[in-house]
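First the structure, then my questions, so here it is.
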Amino acid sequence: MPYVNIRVTKEGVTAEQKLELIKGATELLQRVLNKNPATTFVIIDEVETDNWGIGYDNVTTLRANAAAKAKAG
Amino acid sequence: MPYVNIRVTKEGVTAEQKLELIKGATELLQRVLNKNPATTFVIIDEVETDNWGIGYDNVTTLRANAAAKAKAG
Amino acid sequence: MPYVNIRVTKEGVTAEQKLELIKGATELLQRVLNKNPATTFVIIDEVETDNWGIGYDNVTTLRANAAAKAKAG
Amino acid sequence: MPYVNIRVTKEGVTAEQKLELIKGATELLQRVLNKNPATTFVIIDEVETDNWGIGYDNVTTLRANAAAKAKAG
Amino acid sequence: MPYVNIRVTKEGVTAEQKLELIKGATELLQRVLNKNPATTFVIIDEVETDNWGIGYDNVTTLRANAAAKAKAG
Amino acid sequence: MPYVNIRVTKEGVTAEQKLELIKGATELLQRVLNKNPATTFVIIDEVETDNWGIGYDNVTTLRANAAAKAKAG
């Protein structure tokens, strides 16, 4: 009866992609630890890019910097 | 000083129901472990049904299947 | 299919008390939101008192202060 | 590679304040434990005041009570 | 930069199995959402069977019941 | 009334360091958002290096590789 919590930035993840994550995580737990899919929870949290920081910056800025760099490049 | 995190699917939970969950969880910690309500946090997370998976499926589909079955029945 | 996570300090919670928390939280979700107990998870995390802070202090110190006060009183 | 999750009530936290939290938490982990900022995640969750309980009440009510008291005072 | 938290009961999961979970979850996020493995965290929490409840019972009891049934069968 | 959860690898963090994290996180929330320290929780989770993955590997291996490199260097 595992619980899997996947946290990603909220950047247009589609319902299809979410379902792939759910299926993939459930399959992983079944394959590696023989866990029962019927009691495997997968919960996806989508986090605003302003609310996710890494390396002293938020993801909003990281994405803007990457886009500017791509344009300049 | 307990911390209780209740995660449920986002399916129309009312403010009254949330308050009942808060009161019930606080009372539970006070009764069983004599915890002080003044420092008992209860946080309710409502999760979109597309973002919650169980048994290789998402809850959106599970609810649709159940509704179809009820209608057919 | 709720997920309830109860975090308390690790201070001798017994298996019986844990079971009371499990039963109480499951009953709460069933009563308030009509959730199915068969897919209600309750997970209890016990946290060392050195690892839990409140009001600029850790619980280890808060407990020691309270004990000293009780003795002095 | 620390993971820091900050949960606060959703009451108008600005992007600038979020960035201060991200910077402050990252600096803290670097200063105290010499952790690499490049792999330090800070995730801020904003929780509706109806969904956060303390002392048998929700924060919505606590705020309303405080505002009424301030007005009466 | 995803964060994946896998919670399972503490029942002899080996370091090899944990590594398989880490690899599988990282691969899943890379495949479905094109996330960078260098900033994908996977954290596995092992929870004592007394501390995990489902269906009004703890996993310690569920395992004992299943073992008794298997023996009787 | 914020809740701060700091997750780090279990690699000899001392009680003094934990207290510094508690004080620093509490001060951060008070300074940036004017939150009351009396209801600010800071919880530190120490995670075994086998249980923390990044970049398709666990931290146990990352640490061993870094040590071997340092020795060779």
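We just call them A, B, C, D, E and F in the order they show up, numbering each chain from 1.
Criterion: a contact is a pair of C-beta atoms (placed from the backbone, for glycine too) under 8 Å apart; a residue touches a chain by one contact, two chains touch by 3 or more.
No experiment lies behind these values; they were computed from the predicted model shown.
The set of chains touching chain C and also touching chain F is given as B, E. Centroid distances built from C-alpha atoms place D farthest away from chain E. For C-E, the matching interface among the pairs C-F, A-C or D-F, defined by over half of the contact pairs being the same residue numbers, is C-F. Because chain A and chain B share one sequence, their contact can be compared position by position; here under half of the interface residue numbers appear on both sides. Mean C-alpha positions place chain B and chain D at a centre distance of 22 Å.
Between the CA-based centres of chain D and chain E the separation comes to 29 Å, rounded to the whole angstrom.
If each chain is reduced to the centroid of its CA atoms, chain A and chain E end up 18 Å from each other. Contact with two or more other chains is made by residues 1, 3, 7, 21, 25, 39, 41, 43, 52, 54 of chain F. If the chains shown are joined wherever they touch, the resulting network has some other arrangement, not a path, ring, star or complete graph. Two chains count as a pair here when they touch; such pairs are A-B, A-C, A-D, A-E, B-C, B-D, B-F, C-E, C-F, D-E, D-F, E-F. Residue ranges on chain C touching chain F, taken from their complex, read 7, 47, 50-58, 60.
Of all residues in chain C, those touching chain B in their complex are 1-9, 13, 17, 20-21, 24-25, 28-29, 31-33, 35, 39, 52, 54, 59. Remark: chain E residues 1, 3, 39, 41, 43 touch chain D in the complex.
The part of chain F that touches chain C in the complex is made up of residues 15, 18-19, 21-23, 25-27, 37-46.
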